[in-house]
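One structure, as structure tokens, below. Some questions next.
For reference, chains read A, B, C and D in written order, and residue numbers begin at 1 within each chain.
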Amino acid sequence: MGAGAASPATLELAHTLGRLVAEAGWVVLTGGRPAGVMDAACAGAKMVSGSLTVGILPSGPEGPVSPQVDLAIFTGIGEARNAVNVLSSDVVVACGVEGPGTASEVALALRLGRPIVLLAPSPSASAFFREIAGGTTLHQASTAEAAIELMEHRLCIRRWPG
Amino acid sequence: MGAGAASPATLELAHTLGRLVAEAGWVVLTGGRPAGVMDAACAGAKMVSGSLTVGILPSGPEGPVSPQVDLAIFTGIGEARNAVNVLSSDVVVACGVEGPGTASEVALALRLGRPIVLLAPSPSASAFFREIAGGTTLHQASTAEAAIELMEHRLCIRRWPG
Amino acid sequence: MGAGAASPATLELAHTLGRLVAEAGWVVLTGGRPAGVMDAACAGAKMVSGSLTVGILPSGPEGPVSPQVDLAIFTGIGEARNAVNVLSSDVVVACGVEGPGTASEVALALRLGRPIVLLAPSPSASAFFREIAGGTTLHQASTAEAAIELMEHRLCIRRWPG
Amino acid sequence: MGAGAASPATLELAHTLGRLVAEAGWVVLTGGRPAGVMDAACAGAKMVSGSLTVGILPSGPEGPVSPQVDLAIFTGIGEARNAVNVLSSDVVVACGVEGPGTASEVALALRLGRPIVLLAPSPSASAFFREIAGGTTLHQASTAEAAIELMEHRLCIRRWPG
């Protein structure tokens, strides 16, 4: 997960993360729009042969979709689809928390008890989410490689298909 | 799309349809629960090597999923997810219209202007949906093979990935 | 519930029904758009002093709302909001079943086990919904007065606020 | 909006806010559960004769509802209903930001461009939301009275019914 309007450094991070997730044999699931972290992470994944990218879109089929998305799910429920992204992910990786959409997804993941990795968050994002996390573990990583390591060995995410 | 509780004839029809859809190179998208037409169509598809089955579930990840589903999307929005099924399908095939869930999906497909094939509907289902269809074309088929023929040559559904 | 594009006879029926529902001390809840049965039922209710009309809209606050709606709930979830209409109603009255949106609501009400009154349905609507109703009772009335009688004495709907 | 599990100070603040909102002639809309800020704000409002409290619930009608809610909207869409709360409010007042549900609502309000007042936020909540607000104005108040003043004179919220 990540902002539609993201900094160049975050986009590069998202591209690397998408590639490494695909290399690990996992599905990349994003918000599916042709913008920002969503697009960059899917583009990274599509450099890997046999990868699968899924986009959970706010619009119906008339809306824009990233060309890097293999399978588009058109929810038609607008921003309420952020809850679908969170529930459908084995782990939510917030690639930067630069926009309110991503912030809502991290908050929903905490609320719904889903595993979370904050990747390169700002100090204030890190401080705020730690404050509201309650008993939930909030993983944090500063590089894409460290995030993969966490998911593989700490969270034990399985390859797809199982 | 089809009932969670379906007749043996409808289940056999769903199994054949799922297999033929996968052989045509299309993704099988269902409601994903381990029951009825959803389960049978996915099981048919999984007889074909390289097939992909997607389930759009009403529950979160704690809910039951058909073991025939490759990719589970957990919406957590209950029956409101029927609109997601319809919007995410290139064509909605109602495999029998034996239950109210399927009836709601056919009605939503008409409302949202999505292509529909009624497969082996009862006379009263056929009469009712024709009555409310307005200008929308309502395709009808009596066998799985005829439904495939319609989708391939009349509706020109493309293989996946595009 | 009823069609956005309805016949003059259905609109008159909706207006009478809205007025009688308000006179009975109940809240009128509709899809809230400035069209068809939704608008007519709310206009009928607003002839009664102290009435309350609620609209559950598919859009966000930028979308159109009937001026007869006192309280607008903007869901932003499109046609998926039909499930919200059904779950939030003590009884679903389908005022004619002339359009696919209304058909989806009757089907969802059956699926979700909510009380239903079909008001002046066509013969084919009546036949179809009876066929798929399973064990659920499907009430039917030919006039607004008879629908009120059913809700008051058979379904025992309570005045609002309770 | 506010946490289901909130501190005594926040609950007292919510009660005062609910009462003052009702006295100003506005509707109190909350998440409707019988817990925390939702319950306290509605209880405050119900001390005022002629007040109206609306609850937008995650569950269907089988789920728990605060007895202080006059009108319950049962969405059945789980946490995705947070977007409905935000879209249906003329202004979102976050009464403390002590839990992830409230954090998701503030983030969605920013994303959807809805007016927001942070009431007595922690320093880290205030810092984080200012960081991600982009061009959106983020109002802040330290007392319920100051929040009312902001809504009345700066945001010019109209009495209900209009």
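Quick note on the criterion: contacts are C-beta pairs under 8 Å (C-beta built on N, C-alpha and C of every residue); 3 or more make two chains touch, one makes a residue touch a chain.
Computed from a predicted structure; not experimentally measured.
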{"item": "Any chain that touches chain C and chain B", "value": "A, D"}
{"item": "Between A-B and A-C, the pair with more C-beta contacts", "value": "A-B"}
{"item": "Rounded Å distance between chain A and chain C, as computed from the means of their C-alpha atoms", "value": "40"}
{"item": "Separation of mean Cα positions, chain B and chain A [Å, integer]", "value": "29"}
{"item": "For chain B, residues that touch 2 or more chains besides their own", "value": "60, 75-80, 83-84, 112"}
{"item": "Chain contact graph, described as a line, ring, star, complete graph or other shape", "value": "complete"}
{"item": "Complex contact set, residues of chain C against chain A", "value": "60, 75-80"}
{"item": "Of chain A, residues touching chain D in the complex", "value": "77-84, 97-101, 103-104, 107-108, 110-112, 122, 124-125, 127-128, 131-134"}
{"item": "Residues of chain C that touch chain D when the two form their complex", "value": "27, 52, 54, 56, 60-61, 70-77, 80, 83-84, 87-88, 112, 160-161"}
